[in-house]
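A, B, C, D, E and F label the chains in the order they appear, each numbered from 1.
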Amino acid sequence: MNFQDYFELTQLYARYAQAVSSGQWELWPEFFTDDCSYRLQPRENHERGFPLATLSFESKGMLKDRVYGIRETLFHDPYYQRHVVGTPLVLKADADRFECEANYAVFRTKLSELSSVFSVGRYIDVVVRTAEGLKFASRQVIYDSEMIPNSVIYPL
Amino acid sequence: MNFQDYFELTQLYARYAQAVSSGQWELWPEFFTDDCSYRLQPRENHERGFPLATLSFESKGMLKDRVYGIRETLFHDPYYQRHVVGTPLVLKADADRFECEANYAVFRTKLSELSSVFSVGRYIDVVVRTAEGLKFASRQVIYDSEMIPNSVIYPL
Amino acid sequence: MNFQDYFELTQLYARYAQAVSSGQWELWPEFFTDDCSYRLQPRENHERGFPLATLSFESKGMLKDRVYGIRETLFHDPYYQRHVVGTPLVLKADADRFECEANYAVFRTKLSELSSVFSVGRYIDVVVRTAEGLKFASRQVIYDSEMIPNSVIYPL
Amino acid sequence: MDDTSAVFPQQIRWEDKGTSRIPFMAYTDADQHRRELERLFYRGHWCYVGLEAEIPEVGDFKRTVIGERSVIMVRDAEDSISVVENVCAHRGMQFCRERHGNRKAGGFTCPYHQWNYSLGGDLQGVPFRRGVKQDGKVNGGMPADFKPADHGLNKLEVATRGGVVFASFDAEVESLEDFMGPEILGYFDRLFNGRKLTILGYNRQRIPGNWKLMQENIKDPYHPGLLHTWFVTFGLWRADNKSELKMDRHHRHAAMISTRGASGKADQVTQVSSFKESMKLNDDRFLDIVPEPWWRGPTAVMMTLFPSVIFQQQVNSVSTRHIQPSGPGAFDFVWTHFGFEDDDDAMTLRRLRQANLFGPAGFVSADDGEVIELSQKGFEQKPFHRTLAELGGREVGDTDHMVTETLIRGMYEYWRKVMEA
Amino acid sequence: MDDTSAVFPQQIRWEDKGTSRIPFMAYTDADQHRRELERLFYRGHWCYVGLEAEIPEVGDFKRTVIGERSVIMVRDAEDSISVVENVCAHRGMQFCRERHGNRKAGGFTCPYHQWNYSLGGDLQGVPFRRGVKQDGKVNGGMPADFKPADHGLNKLEVATRGGVVFASFDAEVESLEDFMGPEILGYFDRLFNGRKLTILGYNRQRIPGNWKLMQENIKDPYHPGLLHTWFVTFGLWRADNKSELKMDRHHRHAAMISTRGASGKADQVTQVSSFKESMKLNDDRFLDIVPEPWWRGPTAVMMTLFPSVIFQQQVNSVSTRHIQPSGPGAFDFVWTHFGFEDDDDAMTLRRLRQANLFGPAGFVSADDGEVIELSQKGFEQKPFHRTLAELGGREVGDTDHMVTETLIRGMYEYWRKVMEA
Amino acid sequence: MDDTSAVFPQQIRWEDKGTSRIPFMAYTDADQHRRELERLFYRGHWCYVGLEAEIPEVGDFKRTVIGERSVIMVRDAEDSISVVENVCAHRGMQFCRERHGNRKAGGFTCPYHQWNYSLGGDLQGVPFRRGVKQDGKVNGGMPADFKPADHGLNKLEVATRGGVVFASFDAEVESLEDFMGPEILGYFDRLFNGRKLTILGYNRQRIPGNWKLMQENIKDPYHPGLLHTWFVTFGLWRADNKSELKMDRHHRHAAMISTRGASGKADQVTQVSSFKESMKLNDDRFLDIVPEPWWRGPTAVMMTLFPSVIFQQQVNSVSTRHIQPSGPGAFDFVWTHFGFEDDDDAMTLRRLRQANLFGPAGFVSADDGEVIELSQKGFEQKPFHRTLAELGGREVGDTDHMVTETLIRGMYEYWRKVMEA
């Protein structure tokens, strides 16, 4: 792996973490390819081989529909979220395709409340090089956090 | 961006995280330029355009005055703090000047207590190259953590 | 420091974080040299110069004995743990030997429970180059987390 | 505090004999919550514990909860299903920690002193029961009159039907069929008609609100059109939907039966301001709905089985939703999505896609958890106050429409009967 | 527990008729805390809700708290200020979640079933109120006798003066002016003299101690010279400061008025061991103090308005500090720093710089939170004990000096009167 | 709740006069917990506070806890040890925050108003006690009748023996020697025989279970062979171990004395199913055990001193384990590992290596915390139930073997006597 690729990869992860912590949800789908896969799944289902995911999207279009839902239809108590993500572990590096994993912790802060641990887990990713730079062809968010604190509204 | 710059940058962030987790508060001002700006501000004020900061320092001298206050005048219940900081996102890189952002989580541990989430948020930084290496010309600590758990004594 | 070394180093840290979050405890001893030192010690003992550690292992064999204990003899309430580790700070870099430190946060999730902060602290490491790649000759885990939430079963 | 308190009453107080105005204290008081556990979860009721498909093999077990008590559902040696309380008969340890697994070999052993129990809960091993022989002398051991038969695990009553498992701490509990009553049983059998179930997976959420609020939420047939914009936009909820509400004779259980209006564009028939004209899906595979023969008409049937479970059929998405209280102010809500043995891959994919609408992040369920949390906050700030559940009048009865809160009034009619006894 | 308990008394007990020895139980008991909420926050008192400048436009609102009840301060259609309780009249949801915003268009709508309220809190929309017509039949709807006028939001009494907004749940509450009394009113008007205020921003902290400890802290005029070394070193607190303490006739409110001694080096006049000779500021812009005409003498006036707010003028730094209890052992403390419309940029910068001294991290305020937390810890470990607030004697009265705890005794004199009634 | 409750009894209820069946409510009730604090920790008992070696120099102090009250152990000016309560006599602040340090210079000063105390706790400084002279007038100050002697820190009774420090809030408490009784005192003196101790360090854990469960755990001599597989495998616990159990006359304290069986391979003599044949250590330095002369036979002596401490000798590993309750459902458990002045480096290394077996992560101690947590969970889910501690019969008495729960019965015999008085 050369530095340029490594730099772009770490920046992709850092930029994603900033974007989903910024409240600008429109930024989120743009990290993905058109025919991407995004899955938010409990570690239990993942390890026991159950196909159910908490959210399972099969295209960038579905991600955009999610953003619309967040913005327009999903009533929720607003909150800040903050992603702190570890260095990506590069499992496989081809010229234009990278398989990576990274541990993450997401903290939730509701208005006038203390911050708390919201979700922790692991990203399992396939990153590909596109004309617009590196994108996620696939991002699985496998969360340890057994009991979701009420609900997950924003993208993890 | 070349590797050497990237390496120095990531080391600056790592060294800062170590320093403010070490209890050796004297190390803290040395990460900044003489005419630096350091601001600890709630995300609310930042996003609503209110100028008030929880702490707003306009020089390295003020940072030294803060350290003196921590050491000599500010009574407080002592605690450990631990910074875990994500990879810096490089927004702008000139030869001797870098604009970066990074998400952080700080954990507080009081004597004979469990550790807890103390503050989470984002650094918005301007880093410059000096004779003594990279320094912060400006570091804004914009925190999500709406409700401060009593008080902030040590540098974030 | 050159990129290749830096890359391998960051990957070592990332791979360790994945391994000890994976539940595959057998992976853990393989990160160490045969005559390694692994110490889990409260910051209090470390800073006050007390030799006692919560766990103090002096060989890879002891690590393997620990894994056996986790698997076969140590009754415990099972839990997930998730490591989020900051960028390693490289304090000393020789050709085949690196002295590094890194801040960590480990989150615990018990079945049907919320995730919580389990342990936060600092790694103090000596990494050496071996035929099988980089390994820890020494890893000290100095934890801030004064009060352990009941017990520590899995490797930190 | 003083008895003259106007803001923080000592006792719950109803405005009248009816149940259209529910005191906020019905959701907040800790002592009353314990009484609810005892009278509603531990006595006289069948509580949901799981699905047979979760423990297909002899020795398979699943740890779950009834009210606030940990229990184990296990397939015992006779290949029938037992439910035992997860508390060791020796010194009380909650010995079973895995949430699922197989104990065919060896049954259950408590780690503290290795008391061993059969899958059915009979005590079959007590270390040192007869003491230890040393230097020709026998030391210690259990008293001569110790009878293992008296010290098994607490065994619950068990009833299974259509692959669903219920249990009760109450040996006198009526039959499961009588408990449900014919109306509800009919809808139960419609969903669980004997086909083998396949487990698709779980979702788990902790909702910081009183457990009854979830029962209310599913007994509140008109909120979807108001809160869940997507339902409306998708035409899943339309004012011209054919709808029926049915209860058991105690008014504790209910079924919300609805059938999508056949004709007309949603925006023509909806009268709901929440309708968002502009909305178009970028990817409509979320809504690839295919009717199934067993529906026999209704496109959605939501059953509330009091107090512990909700059975969901929303078009092709089917699940059980297990209510596990945790004090008056919170409950865990566990979703088990399933399919049927004869599903083809396309149908399984369909159920999984539609699952995006439900659960802790679902397009039309996440907000249910949110409104429950915020209702609880409202209750706690003025415990002397009460709700106003008078849509469709103040009476209780089955209806052929959704514009009513009658099911909520019915549930509290039953609640008062049991709690004020 | 047993009534003979010496360490954990059943009831709070005062040593005598006076209030110089305050039982630790005044800070720890949960039932008593609820009684405090009812008698001090919800009845007979005006509580701070905010500043008019926070909601300049019609429809602007701010969500805040009185005691432990969520309320909304809103500029209504008539451009006057209303305060309503944030609890839906339908089924009790705490419907307003944004903490600020504008609802000119559409007023307030509860998301659960879309009941809609005017900015002033009148119920103006109930979906399906008249039912839904289907196949010529009208289904459901609210009862014929349903009167929207009876089901608006809970409207509070509102009083504004000098741009500050107060509210009360108590319709019988006296006028704001009578509530403050002439003395306090004078100092209130000194700070809020009609000029438009400008909002500089907020600080929020959760202090794990009883809310009264913050009132005490600001009624404790001599601790700054002992706890807050910086005050002394900066000459902001000097033993030769001219000082006055004034109370309302009930002794519940107070003003601490001080004027910096004109002459002498601090170290000559201070008698305080906390003075640190060595200390020099590396950057003294923290202390760029410029007197303002409206001060009319005093360099610092700290007002405690019982029970809910503190008004701060410390040289050029002005703020309101809102006390929001959260059980007997904690409260949220919300700082609103402001300026005046006629401030030039230099003065604004000055106020912002001096803000470094105050708030959750302030050089001379952070430690107030710390001592409050640790006082609470002391109280909880021996609830049978009591404080000793006898500096300046055991009586209550205004003084012309700071060497006294009379304001604390005064506050508890009032507290006993109200709480023991 | 209603008095007829079967699941949640109002009052704790014992099945009989004996103590072999302990009600789960003995571990869960909050009021009863406060009564335990008062009767067991604050009255009539000596509680552990630390080791003299922790505060070798005049002015050295250590902050610790008795029951739930913060206290300070300090070496005072007379070079003797004082223990004072960490609550300021002025307004109650828990003034000491460092957990250890030296206050030879200046004694203790409370930061809030700088009341100053001698190392022994005498009040020696009150700022402004005589007021402040200004313009020839004396302002404020403490009342004329203020006697500093009446307002020192709360001073506890102190007893030290063999380098171990105990304290009591109770001035009438019997002597430490009478408190222990001759039997226990003998084993205490065996371990603390006058040699200087050296501190090796601390381990701290918060165990979410009732504090008595830790006393039970160490009064439960046969669980190691069942729960702690390593003990068996290592031959540290063998069925042919010589063992004795001894109690004081009140049956509140106990000593478990065991001596490793001399001969035979573990697997020949163990009857314990937990034995794992396969197990081999990769590095057996964990078990580099060297007998010490002072053992005088026993290889392990575990002493439970009721209510606050456990003294451990497990081969070469010696430690004190301090029990610090935190409500009925949790306690902090603080381990102080030590050695003796005459240890050579090899022995110190040995003690440190064997420390891997103990503490919050120890091979044979971590699981004790786990079973305690899970026992508490069991108790909370069915408070009407009880344990069955009948191994070795239902009586109480010393034994020459380990196959009994007699020490647990003994502890509750004492507990009932004190708690039911």
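Here, contacts are C-beta pairs under 8 Å (C-beta built on N, C-alpha and C of every residue); 3 or more make two chains touch, one makes a residue touch a chain.
This one's a predicted model, so the numbers in the text were calculated from it and none came from an experiment.
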{"item": "Neighbouring chains shared between chain C and chain F, ordered by label", "value": "B, D"}
{"item": "Chain located farthest away, centre of chain F as origin (C-alpha)", "value": "A"}
{"item": "Maximum centroid distance from chain D, chain identifier (CA atoms)", "value": "B"}
{"item": "Winner on C-beta contact pairs when B-F is weighed against B-E", "value": "B-E"}
{"item": "Length of the line joining the C-alpha centres of chain A and chain E, rounded to whole Å", "value": "42"}
{"item": "Centre-of-Cα separation between chain E and chain D, whole angstrom", "value": "44"}
{"item": "Separation of mean Cα positions, chain C and chain B [Å, integer]", "value": "26"}
{"item": "In chain E, residues with contacts to at least two other chains", "value": "97, 111, 204, 206, 227, 332, 367, 371, 374"}
{"item": "Multi-partner residues of chain C (each touching 2 or more other chains)", "value": "3, 75, 77, 84-85, 87, 105, 111-112, 114, 117, 146-147, 149"}
{"item": "Full enumeration of touching chain pairs", "value": "A-B, A-C, A-D, A-E, B-C, B-E, B-F, C-D, C-F, D-E, D-F, E-F"}
{"item": "Touching residues on chain B, where the partner in the complex is chain A", "value": "1-3, 6, 43, 84-90, 101-105, 117, 119-122, 144-147, 149"}
{"item": "Residue numbers on chain D that touch chain F, as the complex places them", "value": "31-32, 34-35, 37-38, 42, 68-70, 85-95, 97, 111-114, 127-128, 131-132, 134, 139-143, 146, 151, 154"}
{"item": "Residues of chain F that touch chain D when the two form their complex", "value": "1-2, 5-8, 24, 222-223, 226-227, 239-240, 271-274, 367, 371, 374-375, 377-379, 381-382, 385, 387-394, 399-404"}
{"item": "Touching residues (chain side chain F, partner chain B) in the complex", "value": "97-99, 111, 204, 206, 332"}
{"item": "List of chain B residues in touch with chain F within their complex", "value": "75, 77-78, 111-112, 114"}
